[in-house]
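Two complexes come next, and they have one chain in common, chain A, joined by chain B in the first and chain C in the second.
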Partner chain A sequence: MTIIKPLIIANRHRLVREGRPRIPEAARIKTLPSLRRHLQTAIELEHSTIPPYLCALYSIEEGDNLPSSEIIQSVVVEEMLHMILASNVLNAIGGQPSINHPRFIPEYPTFLPHSDKSFEVGLQKFSKPTIDTFLRIELPAKPKAPPEANRYHTIGQFYEAIEDGLIRLSEEKNIFTGDRARQITTEYYYGGGGGVIPVHDLDSALKALSEIVGQGEGVYHTIFDGDHKLFGEKIEYAHYFRFNEIHEERYYTKRDTPKSGPTGKRLPVNWDGVYDMRPNPKMKDYPKGTELRKKIYDFNRIYVSLLDDLHRAFNGEPKQLLNAVVRMYDVKYQAIELMKIPVNEEGMTAGPSFEYVPPKG
Partner chain B sequence: MKKEQYSIEPFLDLSAILTGFERVDLLGTGMVDIYYDEVVNVVGKATSRELWETTAQIIERSGKDGRKFETAIRREILASAKFGPIARNIIQMWYTGIWNELPQSWRDLYGTSPDDTTRIISSEAYQQGLVWEVIEAHPPAAKQPGFASWSYRPSGDKH
Partner chain C sequence: MAEKIYDAVIVGAGVAGAIVAKTLTQAGYRVLLLEAGLQAGLAFAEAKAYENYQSYMDTFYNALAKVPNAPYPNLQDAPSPNVLDLSPIQGTTPDTTGYFVQKGPLPFGSDYARTPGGTTLHWLGTCLRMLPNDFRLKTVYGQGVDWPISYEELKPYYEMAEREIGVSADVEDQIYPNTGKDFFGKGYVYPMRKIPQSYLDQKFIKGVRGMKVGVKGDEYELYVISTPQGRNSIPNDRYNLVGPVWDKATQRLVMKHSDDAHYNPVGAIWDPYTGQRCEGNANCVPICPVQAKYNALKTLKNARRDRLDIVTQAVASKVEIDPTTGRVTAITYKKYQDPDSPEYTTETARGTIFVLAAHSVENAKILLASGVANSSNQVGRNLMDHMVFLTWGLMPERVYPYRGPGSTSNIPVFRDGEFRERHAAFIMPIDNWGFGWPANAPYSDLSAAVNRMNLFGKQLRRHLNDTVARQLLLHFECEQLPQPENRVMLDPRYMDQLGNFRPVIQYNVSDYTRAAMAAAKNISDQIFARVGIEDYSEYNPTDADYLIYDGVGYTFWGAGHLVGTHRMGFARSDSVVSREQRTWDHENLFLVGCGNMPTIGTSNPTLTMAALSFWAAENIIRELQ
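This part shows the complex of A and B:
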């Protein structure tokens, strides 16, 4: 384990230090405040994928599509881990993650924060077009794609620009001055792939970032996510390839490559075993004072209190993460209830709208 | 809503007033169609249609007057020899997911169905019982609420 960890990081260093691919001077992150802003964006970016993934997951009728449910669920849990990892890096460089501000949740459908706006992400039921969108979210960077701090084409490019910023700025002075008590440590995370990495120096920061990118897109353009090397887990495929298994209705095998596609056994998908959630639900779809509007409002209140818990957890009260876990189950059951409520003659149903609503009073 | 709108609507309205839950909450359980079928199946089409018609008439008569609606439901449904036991069964079904065998006196008068036996309607019905919502607990072995959730006080604001 100790041999392989530095190896991955060393390669990433080299990739940046040799200047190949070069970050255009104008796109570099040059100041600590700018680096902090980018890491805040990273947290928002990781979060922005969670409501769409949850909508697809909770639209699957109970007991149906178990393999697909498991795949989406495993990805969502890792996106949550990515939020934690990005927050740890931000806290390590003296930043303050902001999780519960009114604009933290994007208005769906939305372009991903800071992206090149080539595609929109919405709140949609589980379907083939939805999985297409998920594939675009998790698309691996092309091997020679340059890192970009703004208007990046893939999430990996965005993180590479952050890595470059971390390395350059820490060459000038020690930027890892954050209070260690603000780090989320390993005991607070359970139930997903990978693990929490507390961040206190450049090495741990780069390790945290490579964990994010590796889980999303795969390491070195293989289909693996690197966790089996970093954490001694069973081999698990990166998000892009896990979604591709659903898309192709077939599992990957260990011998498969990105080019070969999945060649393993069939992964059964029942595209009809799904609640027909009306896309991109909003509270304003239903008149004020109606029961349904209130029910969607109640869902949003719980979701925002979950963000409040996370905000406190990332700002010096790590134990709040346990509260958040309990709240996540509430979010789940309330979202599923909404999925079952018919809203029109065609049998479409309501759904969770993931809108910011301030606390009462 | 796949069933005949006419029958499901009064069933849903009746269920809401009998349980004290909002219509959307009942819809959110996903059990409306299943419980509707259960009642029709056990008490028969004729009796159930009569019950939905009586409910629909009460709703029409009472307009938006909630008090009037409640009083009429008490008098014409809960106090009725024919509808009372069905209504009480509907309440228990929503709260516990269990269909209870109707009282013998009712069966003697209005007929017996082979399906009129005391049983948990389905595993889904067990999980969706309103009782869990009211006591702010989860149905044992289902809908897990997360580690250490038992250490939090119930909010007490749920019904």
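This part shows the complex of A and C:
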């Protein structure tokens, strides 16, 4: 029986599982290098959801779909928080996050890194099918699904395997030997729920992981038949439920349960107030030398410089996060510009392709 | 609703009224707030609040002149002054172009916004405390008047105001003339760290480093400090204050120290996660797109809403007095449905305590119209502002103005000193606005380049890049002393369409302040020579506020710091309110706002007004107990 306890972070609370994960022997993470690899994957996994979320967000015409924009935006900001938290854990155990290598950005459409390949994630405009995909990304673990280190069905299972690895390996010896100066501290994060947790021991590492999973999927194991108070003013809804509000075009109320679905007031969604971005844009869709190709290239350069900033921030220069914020605005403006450029007879538009392009040498 | 009797009736949903409303409701009292502006401006539900604020943004984008009131509705039923209405006054004929009836001899150049949130919607956000000597100007320098409150007494209330507004600054940067180490309380830090100083500031600082300027035989070493601002930044993890809360034992409002306290920047009223940091938008005057800049709606949103009734589109017109007791019995207000229509209904608000928080000019207007609180004959008098004297020129290299908040640094050297015996003190903000204020740049640069220089294409771009990017604006805010003849008056010939009085303003600038402009120009000349700035400053007799001192012409602009119209004092014979902020004449009538300030000093007055509003709220709670 899983015990649920409240986790209080920055005056808000959510519910998380208590107690130790139970992982089958075969699925366990047994060495420190393997644990570090999994945390690097965690960073890549958290990042891999950001370009799809950003495409949906920036495809919304300015000023339209305010509630949906706010929901997606807050989720994006929190995915960035998850990247920071996973990097903090990796740095704490002496690892070195790698953010700006050529394979860091997946090629969309893609299966989520290390997943069981049950569904693909693409770069798509804001639409109902897109929100369907987002729901699958943020899907809570099914009851009794065992954690798996390699082919996991949900993100929660993957993190449980990491949690188990952290606990087991730190029982053998102190694995928290990382330089504390490499930790990202609380003052750098804003714009979304939760908060940064600097990691220097097992306790803070586990807190950081619960923050990731709690925000992402809510209470796992008992989620669909749970009768816990998951909603209400001071509770941060997990991403799954926030997307579900868009999907159902209705807000949750305090009385709602995961089973009841949202029964509150209408959340107005205008599925047409959206730029009709052609799915999964690529630079190669447009001949070299054309203005559009250059525009997409320029976008990708900015996005990759953003990853450079993050790389430096996660590798001993936390202040670089301030630059990254400025860069995020460039990413936004350039992406929106692309969304406004028609590319075919049907009036579909260009869009950001999120491809790795090396610095001009 | 009108027949309900409230613990307090407050007129005006600007920063002063909002602070009193929030403090009283949180202490458990029932409050009615009357606001002259539109209902839409008080929407707090996410979508409605966003929609209304976006409508301000759209109005601003479409406005040809981006003046402070450009984004906000100007209502015929509750008009606001506008700096666009200013022109030189011809002879003795009053200028009646705008809301103000300007009798002169100089037109009064400042405005304010009659809308929910008040003038904090378009304020700059500078949050400097006044200096200890500002509170005892008469005693120390023989000028103006002393305050009945000392800096030391007001200090804890400044801390409350700095938390409420959310001020970003580093205490260690804040070095002012003639102040000791105890200016800030021991261990005090601002809620958030300083807003980064602009690139332009850094270039300017390099240019004046170690520089000494001579003024009338005295020498002063210049130094530049970052400016405390009411806009969000990185929270300071050493900040450990919470509150204020009402402390029954001492009968005071107090801030509590707590090791768990940590300051959460207050975001936009439509989304707590928007605007948690200043994003460097250069148009935050007149409107911050993300509400990273404080406005009074944030305070109102955090009032206890179950104890607060708000009636909007309600213009207070008369304070009703019981002739036998002298107590206020009610506020009469005119409730309109359509701001352009002269139709209204007359309503009455009743309560135990009454608080006018309608703005210094509007408070004076209501008091004069009602014939109350004026046994001293000081209501409407002593109107003060900062005379903004500007100098502008091109820096030797590109410094990239038009980025970040309006001003992020200042030179505090002339905020206090013995020279105050002879001429006014002034603060010297360094502006990030290029020639925008005095010359409507960069639009004027573009039209001059196209129309007069016939530039186009690459040449045009190069020219603009070279000139606009080098623009530097220096700014001297000169203190004005209280003078009874600078005043707000009423004249039944000048009414608005609801039948309320329009303010008739008589205004001039004394030699004490004119001499400060001369000193400022002298200092500016020395700085320009040292840094190699090419001077473009120009003052013309056709400017609205052009004046002559010692044979030389100067132009000044209004700062929007309207102070002194119902000042506090030691005695009922020469002041309108006591140090409690209570009118001497009516024991249940309190006034709040800049009108209570006996002198203006060199600080933008909002922070001090906010501190005094907490001070007033404390006295009101004591009275209600």
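Keep this in mind: the second predicted complex is superposed on the first by the 324 of 361 C-alpha atoms of A that agree within 3 Å, B and C clash if a C-alpha of one lies under 4 Å from a C-alpha of the other, contacts with A are read in each partner's own complex, and residues count from 1 in each chain.
Here is the rule we use: contacts are C-beta pairs under 8 Å (C-beta built on N, C-alpha and C of every residue); 3 or more make two chains touch, one makes a residue touch a chain.
All of these numbers come straight from a predicted model, not from anything done at the bench.
Residue contacts after overlaying the shared chain place A:70 against chain C, while chain B stays out of touching range. Touch criterion met: A:347 reaches chain B, while chain C stays clear of it.
Contacts of A:271 after superposition on the shared chain: neither chain B nor chain C is touched.
Of the two partner chains placed by superposition, only chain C is touched by A:186; chain B is not.
Applying the stated touch rule to the two superposed structures, the overlap between the chain B and chain C interfaces on chain A comprises residues 190, 325, 329.
Listed in rising order, the residues of chain C touching chain A in the complex are 46-47, 50, 54, 234-235, 237, 264-265, 271, 273-274, 276-277, 279. Across the complex, chain B meets chain A through its residues 1-2, 22-25, 27-30, 124, 143-149, 152. Every residue of chain A that touches chain C in the complex is listed here, in rising order: 10-11, 63, 66-67, 70, 73-74, 77, 186-188, 190-193, 268, 325, 329.
Taken together, the chain A residues at the contact with chain B in this complex read 62, 190, 291-292, 294-295, 322, 325-326, 328-330, 333, 336-338, 340-342, 347.
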